[in-house]
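By letter and in written order, the chains are A, B, C, D, E and F; residue numbering begins at 1 in each of them.
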Amino acid sequence: MSPLLTGMTLVLCVAMIVAALLAIRDPSPEVAKTDTGGLPIAILAAGLVSLIASILFLILAAPDVAMTEAAIGSGLTTFLFFFVLGRIRRHETSGDNHD
Amino acid sequence: MIDTPLNLLGALLLVAGAAFLLLGGLGLVRMPDLFNRIQAGTKATTLGTLLSLAGVACLQPDWGLKLLLIGLFILFTNPISSQVLARAAHRSGVEKSSLTSIDRLAEDQGAQP
Amino acid sequence: MMPSIAQLAMATGFILILIGFYGALTQRNLLRMIVAFTLSGTGVNIVIVAIGYMHGRTAPILDATVNAADAVSRVIDPVPQALVLTAIVIGLGVTALMLAYALKLHEQRRSLDIAKFTELKW
Amino acid sequence: MVEILVYLAATLVGLALLLALYRFVKGPSAADRVVAFDVLTIVGITGIVLVALAEGRGIYLDVALVYALLSFLGVIVIARYLERGL
Amino acid sequence: MIKRFIALTLLLAIGGLFASLLLGYTPDSELNQTARYYAERTSPDIGAANIVTAIIVTYRGLDTLGEVTVLFLSAAIVGLVLALGGKSGKTGRGTVPVGELLTTGTRYLAPLIMLLGVYVFVNGHLTPGGGFQGGAILASGVLLLLLADPLKRFSHVLIATIESFAGLLYVLIGLFGLVLAGGFLDNRFLPTGELGALFSAGAIPLIYSLIGLKVGAEFASMLASLSESETS
Amino acid sequence: MAKARASVLLFATLLGFWLLLNGSLATDVLVIGVIAALVITLLFRDSLAVVSEFRATPHALITAPSYVFYFLKELVRSNLRLASIVLSPALPLRPGIVKVRTRLKSRMGRLLLANSITLTPGTLTVELDGEWLYVHWVTVESEDVDAATADIVNGFERYLEVMYG
């Protein structure tokens, strides 16, 4: 069923490139006023790229890599980013009270 | 693949599941606000995935146990994540569609913050 | 002519590397730069795995469908996969370190904008 | 016949993925994108199962299990972030 | 603006390089010599069904030991950097309570997730799983517990003990291989067994389980130190 | 006593999960499974109260399959209804969040109830607060608490009450 896999690859590649462009898009000025503004979307988009990449790895006959990418590249990396983002946001809000 | 009745049934189930997934995607695009989108997303994709898993189980009976496990896992976790997300969205004040007729939760939280 | 799966994947990997570089070079927010770095990493991994792909062959795991006797003619190159597996894990370690430093910098300066970190400018 | 139906199913799944991607790009709020992310992962599970079917390798299904776990955890982490609980 | 222009020129150059690489690429039709050796010799010599696992744990076992060490170092540095100079005590956490649905769901799901992680690393030689993936899943289970109860404090002593015991045993098994079989980290001091059974491939399941525990503990300590240290 | 029962239940659940995962009953699989399930049971022994809430009476065991059957029927029905809404050009919505009451006391029962509500016709649990559930409804039919409760909750509660109480 080679045409099936090729078609799926094509769709996944397009989705990955769109998500990657979303991840590095310049934030609009009013969003970028705070340090964390607009960042959740960028992180989520990067996580999405990893997620789709792991299906691509599966099509490329590399299930080990697919599983690692899903669990580590997409899962844990995104979680770490959000933990850090949460802590930075807490600094920001508490900093506003101090200054 | 050979056209045995079981295979045919499996393929039909697979197509039905994929159709429900597409419906979920369509609902995600068409619905006017977040809560309605969550509704469309959760329900249609859960049933769609379950049906396509059942279809594949008919096509490849050896994989039945693992497919059953995936199905059970999705059936249990998907609603929980939707509910947690809906709660978070409501708390962070996502705007609701103008069609919304009543919001008892906001009323109750306004009364006793 | 229809492009093969490997070529499609490789092209996507290259494009991802470029997108990631562009992001890392033009963004000013530290966290956004780290996001761009992870994108580049994903692109590199895709390229390496795609190089190892061979049309019409299957994953290097022996089971009922691929028995040990004809493994040589049925499976694809396992070496790039082992390499990428290691690379992904180390990538997480690197990302975690970068994030910890970014967090510490933000704690000291209350900012993530690299234009505000001027000590090392020349 | 079976093969044609499988192709049809794969096309529908691809369309669903593109629709969810449209919602992911469009937004407007972060929570909307999270919903789209959730739908994308679940569509991805069906995609993985289809790849396993096309290649005829049952061991690929383990990846789908990890995916199911991931869609749950990811959404919960982001939801906790959005409600300022992280 | 000029910065953007320079960046784009640079990218154009790299992109041209990539394009020439892509156009000149011709896929192999046969395995190269190394890959052919691994594909032929893995099942009679090592007894593992998953050739990638055989490469990671046995053929290139020393590299994996180094990799685990690098991970350990990075986890330690993350913990150290976050602990440096922070004023502890003040907690800004717990302002938003966790919903009942999530806590109840966690009680049920966390053990199952842990078991899934164990499955993934114990079956590393048969399925696409392995120690790193399984460790990540274990850490995800810990993360779920952290999310459901933000005030929970994990016992760092427990994590550190698991981590160092797993590392110690890993090296010890490597030495066993050196003494009883062909070399450091050789898996054949245990019987290789029948291809496809759980108890096969010599010491690979044992080694990969230890790697899984160690990696899981490392990731968990990373997550815990990021979520706990209440600085500023 | 309750704790011991909970531990046994969790152990059995984990072992069942393990066997489903492996799909074989070979000796080595069983040995590893028993060891892993034991270790995890010991690790989680402090938070086990939830697990023991299932009433293993004969009546409950008979009710469980009919609950599953009813649930699947509702799931399909809800999807067909959602399909008709999404596919109709006018998008006939009347969304709103209503409040309903549940009689269930056990936490597991309430979780299952909320999950069931989320997966069935046009409703999504937003918040669970004691005996009150706040439910988002795509087409609000009754704003009154009792009427909404009768509409949304009672179908499932009938079964869950027997199983969990």
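Here, contacts are C-beta pairs under 8 Å (C-beta built on N, C-alpha and C of every residue); 3 or more make two chains touch, one makes a residue touch a chain.
Owing to the predicted nature of the structure, the values given are computational and were not obtained by experimental measurement.
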Partner chains shared by chain A and chain D (touch criterion as defined above): C, E
Required steps from chain E to chain F (each step between touching chains, minimum): 1
Contact-richer chain pair (by C-beta pairs counted) among B-E and D-E: D-E
Per Cα centroids, the chain farthest from chain C: F
Centre distance in Å when chain A and chain C are each reduced to the mean of their C-alpha atoms: 12
Interchain centroid distance [CA atoms averaged], chain C/chain D, Å: 21
Chain A and chain B, separation of their C-alpha mean positions in angstrom: 22
Euclidean distance of C-alpha centroids - chain A vs chain F, Å: 31
Chain D: positions in contact with at least two other chains: 3, 6, 10-11, 17-18, 34, 50, 55-60, 62-63, 65-66, 69-70, 72-73, 76-78, 80, 82-84, 86
Per-residue multi-chain contacts in chain A, two or more chains: 5, 59, 61, 63-64, 66-68, 71-72, 75-76, 79-80, 83-85, 87, 91
Two or more partner chains touched - positions in chain F: 17, 21, 111, 114, 125, 127
Pairwise chain contacts under the document criterion: A-C, A-D, A-E, B-D, B-E, B-F, C-D, C-E, D-E, E-F
Chain D to chain E touching residues, read off their complex: 59-60, 62-63, 65-66, 69-70, 72-73, 76-77, 80, 83-86
Complex contacts: residues of chain E adjacent to chain D: 95-96, 98, 102, 109, 113, 116, 120, 126-129, 133, 137, 140, 143-144, 147, 150, 227
Of chain F, residues touching chain B in the complex: 17, 20-21, 23, 75-76, 78-79, 82-83, 86-87, 91, 93-99, 111, 114-115, 118-119, 122-127, 134, 136, 138, 140, 143
Chain E partner contacts - residues on chain F that touch it in the complex: 10, 13-14, 17-18, 21-22, 26, 28-29, 32, 36-37, 40-41, 43-44, 47-48, 50-51, 107-108, 110-111, 114, 125, 127-129
Residues on chain C engaged by chain E in the complex (per definition of touch): 4, 6-7, 10-11, 14, 17-18, 21-22, 25-26, 51, 53-55, 59-63, 68, 71-72, 75-79, 81-82, 85-86, 88-90, 92-94, 96-97, 99-101, 103-104, 107
